[in-house]
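Chain nomenclature is as follows: A, B, C, D, E and F, assigned in order of appearance, with residue numbering initiated at 1 for each chain independently.
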Amino acid sequence: MATVRLLKDTEVSAEALAVFDEIRAARGTDFINNFWRALAHDPALLRATWDRLAAVMSDGALNPLIKELIYVAVSAANSCEYCVHSHTAAARAKGMTDEMYGELLAVVGMASQTNALATALQVPVDEQFLS
Amino acid sequence: MATVRLLKDTEVSAEALAVFDEIRAARGTDFINNFWRALAHDPALLRATWDRLAAVMSDGALNPLIKELIYVAVSAANSCEYCVHSHTAAARAKGMTDEMYGELLAVVGMASQTNALATALQVPVDEQFLS
Amino acid sequence: MATVRLLKDTEVSAEALAVFDEIRAARGTDFINNFWRALAHDPALLRATWDRLAAVMSDGALNPLIKELIYVAVSAANSCEYCVHSHTAAARAKGMTDEMYGELLAVVGMASQTNALATALQVPVDEQFLS
Amino acid sequence: MATVRLLKDTEVSAEALAVFDEIRAARGTDFINNFWRALAHDPALLRATWDRLAAVMSDGALNPLIKELIYVAVSAANSCEYCVHSHTAAARAKGMTDEMYGELLAVVGMASQTNALATALQVPVDEQFLS
Amino acid sequence: MATVRLLKDTEVSAEALAVFDEIRAARGTDFINNFWRALAHDPALLRATWDRLAAVMSDGALNPLIKELIYVAVSAANSCEYCVHSHTAAARAKGMTDEMYGELLAVVGMASQTNALATALQVPVDEQFLS
Amino acid sequence: MATVRLLKDTEVSAEALAVFDEIRAARGTDFINNFWRALAHDPALLRATWDRLAAVMSDGALNPLIKELIYVAVSAANSCEYCVHSHTAAARAKGMTDEMYGELLAVVGMASQTNALATALQVPVDEQFLS
């Protein structure tokens, strides 16, 4: 259960509803997930978060699928249950195969392991990496 | 400064030196970075870490560059200074352009922001993400 | 479900019950939340935790509401589900308005984003900040 | 040392320089700290980050000093060295006294302790906190 | 609910089933916990994880119980709900008493508190600790 | 450099000096490490931290060396540079051998890896672990 009530379409402000409409148009579905319904209590925060997310996750030098894989990895490292589920689902919708997912998990696990080792050992950064 | 002395080639065991040789061969350079010189105090840990890293980061359903981008993202989320530097350098060596790097940073920043928001709001996972 | 059984008043030691009584008196309610019922297995840990919490959260240069806002922010950053819920409830009980909560969330989200960016970029600290 | 070169005014794009000018005007100083000089490699990221930061940290239901205290707390929880230094300096500039700082530290320490205890014990959230 | 289906014995590959058999033999029980049933989608990841876990957690300079206590501590610090539960149960099975558990919790809480304080204060490392 | 000046004996309050004296007596050395010199700005925080640390780290169901190993593990997981160095030094002073240290690192690395995997997969806790 969230710390705030999840707002229905009929309960949100006009400003928030306009964001919901943009999300629906961008995704081609009527479904609005809970994250946005929780943020809708603060239309300015909802607007800023959606606008920035749409810009950041759009196609560019990295394609949307690669961006979702990175998003899943960060969400796991930050222990965000909601984000792990929502972005893993998004990655699959954008074409992540079972093989890709297995490799993503392996990299996330390996990075977490060597992160812990390097931090525990306080290894100084090689000069070669700083040039 | 590390919690252990960084070992020179002349100071490590034969087992550790064999791992150094494999790292050199795999990377086509004589340079061994500090992480491995710290791990060399425990040849079994060095061996296990290198073997697994080589397997995980090899080409597969995801190519080595994408894997490095994910590695950088996890290392930043875990606040590992050494790993951020070493894997950012590795990503560049594997072809990461300035445009890719800017987009990687933007995704890492955005994910960290929405991770914090979803956790602070304790948003319940939508059923649609669980099927 | 906790890793230990949540103890009822009739199951705890006299030392633990004395702490429960202090919590009840300080808060003006008979309700003892689960955190304390879990800690009650170790009366010394329960006592030390409650005594310190009461001292830290009392009115001072910062008032109790501001301290709760900070507590919520840290709890979200540390991904503590229990603490996010309990301290968000406490902040509301101490006067946090919807506007304050929206701004708290925005700051927590923004800080998490720039934390990730500064760590990923390994930005060196300006000398001006060190004087 | 950062993973990118810190850009001087003479090296940044017109778009980035416009952001620098806004930062200078908003803060009433010619000084641009390293974080922005690192972000300037990607003018769009620089623009989005500054615009959002300025909006989030402005006076509202919470005043700028309280927002800085929260920012310091999150930065410490996320182990961001740069952010701890820059926002502690900012909090002082906005009026944080030694007494406030001592209390901020005490709350951050206490929250981190009980976060760890509640997570280690996996304490279930009380129904009273969910209504 | 996991991001993948938990696989039954009749659904996994021969390679994965061989790992299940080794887990059963090592633990002297027919029970396979959900972590392995989730990993079984990627037999190579399952194999690598189990082999390394068995090696790392075996008796050595530190006994298996001490290793489990350390595992629980790290899992709590990393906010891993599953791992906290599974390794707390494992520690009990290996002989962790209520007194040990209380002391483990106290150390984890204390370390988390001083970690936060030292990071918030950015205390420089004493030269005496670096020799 | 710390966010506060590290205080010399001649600069601290009588209350803080009394804590310094207790630290010296307990450790049998005149050396006071930087953490306490930073905390000395707030004598009440210094007192509370030292008193609790001394109680928590004393001999009990777990001996002081095991407690230090756990402290190092948590400090690494929390990315606290200062704490990793100070508690690794303390563990060595209490008898941690090179073999123990290698095994500690291996457990910390392995736990971090499986923590990340279990969180990324959102594995549900087995009922067997909850009884």
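Note that in this section a contact is a pair of C-beta atoms (placed from the backbone, for glycine too) under 8 Å apart; a residue touches a chain by one contact, two chains touch by 3 or more.
Bear in mind the structure is a predicted one, so any value in this text is a computation, not a measurement.
Under the touch definition stated at the top, chain C and chain D share these contacting partners: A, B, E, F. Farthest chain from chain F (centres taken as the mean of C-alpha atoms): A.
Rotation angle for the C-alpha superposition of chain B on chain F: 120 degrees, rounded in steps of 5. Annotation: B-D is the more contact-rich of the chain pairs A-D and B-D, by number of C-beta pairs in contact.
Chain D and chain E have CA centres that are 34 Å apart.
Centroid to centroid, with C-alpha atoms defining each point, chain A and chain C lie 26 Å apart. A separation of 21 Å divides the Cα centre of chain C from that of chain F.
Residue positions 1, 3-4, 44-45, 48-49, 52, 73-74, 76-81, 84-85, 88, 102, 104-106, 108-117, 119-122, 130 of chain E each touch two or more of the other chains. Only residues 1-4, 6, 31, 33-35, 38-39, 45, 49, 52-53, 56-57, 60-62, 66-67, 69-71, 73-83, 85-89, 97, 99-100, 102-104, 106-126, 128-130 of chain A touch chain B when the two sit together in their complex.
The touching residues of chain B, counted against chain C in their complex, run 72-73, 76-77, 79, 81, 84-85, 88, 104-105, 108-117, 119-122.
Put simply, chain A touches chain D in their complex at residues 1, 44, 48, 52, 55, 130. Residues of chain E that touch chain A in their complex: 3-4, 41-42, 44-45, 48-49, 74, 78-80. Across the interface of their complex, chain E is touched by residues 79, 84-85, 88, 98, 101-102, 105-106, 109, 116 of chain A.
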